[in-house]
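Next up is a structure, given as structure tokens.
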Amino acid sequence: MLVEPPEVDVACVLAGRVPIDEVGEPAMGPGRLHALIDGVFAIALTLLVLDLPKPGSSTQLAHDLLHQWPSFAAYLVSFVTLGILWIEHHGMMSAVRSIDRRFLERTLAFLLFISIIPWPTALAANYADHGVAAARTASVLYAGTMLMMGLTFAWGWRYLSNHPALVAEPARAAFPSGTRRALLGGLVYLVAVGVAFLSPTASFGIDAIVAVYFAASRSNVPALIVGAGSAARVDRPANG
Amino acid sequence: MLVEPPEVDVACVLAGRVPIDEVGEPAMGPGRLHALIDGVFAIALTLLVLDLPKPGSSTQLAHDLLHQWPSFAAYLVSFVTLGILWIEHHGMMSAVRSIDRRFLERTLAFLLFISIIPWPTALAANYADHGVAAARTASVLYAGTMLMMGLTFAWGWRYLSNHPALVAEPARAAFPSGTRRALLGGLVYLVAVGVAFLSPTASFGIDAIVAVYFAASRSNVPALIVGAGSAARVDRPANG
Amino acid sequence: MLVEPPEVDVACVLAGRVPIDEVGEPAMGPGRLHALIDGVFAIALTLLVLDLPKPGSSTQLAHDLLHQWPSFAAYLVSFVTLGILWIEHHGMMSAVRSIDRRFLERTLAFLLFISIIPWPTALAANYADHGVAAARTASVLYAGTMLMMGLTFAWGWRYLSNHPALVAEPARAAFPSGTRRALLGGLVYLVAVGVAFLSPTASFGIDAIVAVYFAASRSNVPALIVGAGSAARVDRPANG
Amino acid sequence: MLVEPPEVDVACVLAGRVPIDEVGEPAMGPGRLHALIDGVFAIALTLLVLDLPKPGSSTQLAHDLLHQWPSFAAYLVSFVTLGILWIEHHGMMSAVRSIDRRFLERTLAFLLFISIIPWPTALAANYADHGVAAARTASVLYAGTMLMMGLTFAWGWRYLSNHPALVAEPARAAFPSGTRRALLGGLVYLVAVGVAFLSPTASFGIDAIVAVYFAASRSNVPALIVGAGSAARVDRPANG
């Protein structure tokens, strides 16, 4: 027989659409989940622009825009944070071979906090200079959203750590450290929530530093996983 | 010759782009329909954020936001409902092997009610505490939209039940029970529409309970279909 | 040699990403153009919801919404028109094997009028009952946008008719009649533009009738093309 | 054994999802990056429509809209510029075989300026006739955004020039001239920024001319790259 099941299996994984039943329970391929995730990220990244200041009829446009610099700072921090998260989440997903309903639900919880980001971004931009009480509320909401996003991201990592059958074999070993990295990244925002009660400005500063740190960071966990996942897919037919 | 038509057929299904002509009438592959569905879901999920309260210049931001808690409740219920529906619809579509124009039209009718959800969500959020008459209108519109969404979803299930050629063979048996499940899920909202005339708050409560129930539910119909569809695709080359 | 160029060629077409150079000039595969088209359609379909009436604080919400019924009528007509167009455009694109820059530009011109549709829809909704002069302007803009959309769609059909190398061979014969169908569909809106000067309401009625007509129509041109394109792809390896 | 690693490798590239490890450092396939890019472009193209004038209750709608012609001009220039850029970026990406984190970051920087375009477009539309000072600010911001977009685009080209392992082999030779072309295209906007201080209208004119020039231009650099990338992928199995 020319076409053997193993080859089809590999082709299935490559096409990213078809479930693999090794999981013991019914599971689906991750192809369309990628599409939903990429769509939500692309829209959240682009909706941020709707809250940039567009003064109705200003005679001193340059001055009025400069005065609203917190809007641009909040835009930039949110854009960079979303971008970094897309890269990190993409790294994790690249090793996922099949998904089940529990993982879908964890991913939707993560997407809830991704899609909500334009809201605390707009509040942070508007209330940076409307008195300390309002700025504190805005900075708690901003850091709190980021915290929930980090925790739901770590929740996904942890689920995959505990369900290695969903993950390409060579990448499985990297998932516990990936979980720790995501959890630590999320928990920094707990500090930002706390600091908001002392100084909203310092809290926003922490949010900005996290974005810069992860942009500059070269953790090899996602890279290891990608490399391992890739190796897994290339290797398998050789066993077939 | 190494490459035979059967293999190409499998590859076509995997690539998700190419029609299969067993249907008797011209049909298309579901690949790009997936893209449109995922796009509409991703945008509807993300547009919900535009209606979260952003008070222009509040001195008591925390108090004002807490006062608008119905907005957050409505956001959460709509997000969870959309997320669950994406999972369920994804389960159904994963067994669809080819589509025809009638099915496309039913899917567009379903997407009409998916894409409109941010509108009754905003009304429900705004009018939860603007007097009973307005709250009743808002809760009827909210539950009515969900009802239509459920009915058009069941309409798609039913069309596939009646046109088994569009469905991967091992999944066909699961479609009648899938149709019943979607119809029952939709008809609960008929109750919510009725209850709205007695108590708008109770009606919203039903909407929230449905979301929680389906999130917690472990019906194995979509899973059966996914498993069957997967088996179908893996098995076919063995017959080739 | 195990893997022969013909097979790779077929696989390329299936994967929808890789150009075919038979065109004589450099050309690209249509895969990512599909993604852009589906994205623009999904967003245009979903942005329509932003202009549904959300009265700020109405005590007679049901009455106020009913009073704004033209918004819902305009929403429905635009949604159905966009949905039908997506189906028809999808039919055309399913036979396209490779694309060149001129075709990309024609497609972008078509997408310009797709993405602008929420704007005349909002105007039509707002000005249906603001006096005849404003209603006439709105109905001319609405029908005019639809006219341009139809003409740019026909422009794409015509380009493919004149450049058969871009089209799967068995589908080529259907492209002249496809061009005529798209052109006729577009030119009906020229009538709607003219009628707007006599009666804006009658002009909107024509727009609605076109949507209903194309939804109910069962022209087999797109189906023929899809069937032909499919046959082409399935047949080719047999020649390899 | 029939199925050998080389074939899988080709299939991987076609599926656009799987990394190739020749790069020496861990790298990912470009498939999902395409999805993010296409999503951001599709949304930016479509969000432009939100800023077209929708006068609340005008009795002279035609006159009021004509009076706001700069909005339509700005819409058209931004749409065409985004469309051309999508074509050019698509040309570049079609030769990219794998990506690393540094390239992802450069692409995100480019997407930052793509997604922000609706904002200076709205400012340019609103302030074209609000006095010279505001028009100058708006035209500097518009041309400045385009400048940054061009520079980050050239930054991506340059990174690929310097990391040829990420690029399909036959396309590598075309990347230095692609870099120059992107850099020159971007630097024209530096002229537009300068001219804005003399005449905001002339500056907008330059922005419009650039869009028309690139739409009409037939540089064969992207085409060469596409052709070369295509050749690369078709050729490789022959070596297997």
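For clarity, chains are labelled A, B, C and D in written order, and residue numbers in each chain start from 1.
Heads up, the rule we're going with is that a residue touches a chain if its C-beta (ideal position, glycine included) is under 8 Å from a C-beta of that chain, and two chains touch if they have at least 3 such contacts.
The shown structure was predicted, so the numbers you read here are calculated from the model rather than taken from an experiment.
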- Determine how many degrees of rotation, between 0 and 180 and to the nearest 5, align the Cα atoms of chain A with the equivalent atoms in chain B. 90
- In terms of CA centroid distance, which chain is the most far removed from chain B? D
- Message: Counting residue numbers used by both copies over all numbers at the interface, does the chain A-chain D contact come out same (over half shared) or different (under half)?
- Response: different
- Message: Based only on mean CA positions, could you tell me how far chain B sits from chain C in angstrom?
- Response: 24
- Express in whole angstrom the distance between the two chain centres, defined as the mean CA positions of chain A and chain C. 34
- Task: For chain C, write out the residues touching at least two other chains, lowest number first.
- Result: 2, 4, 11, 14-15, 35, 39, 42-43, 47, 50
- Spell out the part of chain B that touches chain C in their complex, as residue ranges. 1-5, 8-9, 11-12, 15, 17-21, 25-28, 31-32, 35-36, 39-40, 42-44, 47, 50, 101, 104-105, 108, 111-112, 115-116, 118-119, 122-123, 126-127, 130-131, 133-134, 137-138, 141
- Note on the structure: Interface with chain C, chain D side, in the complex: residues 2, 4, 6-7, 10-11, 14-16, 34-35, 38-39, 41-43, 45-50, 52, 54, 56-62, 65, 75-76, 79-80, 83, 86-87, 90-91, 93-94, 215, 218, 220, 223-224, 226-227, 229-231, 233-234, 237-238, 240
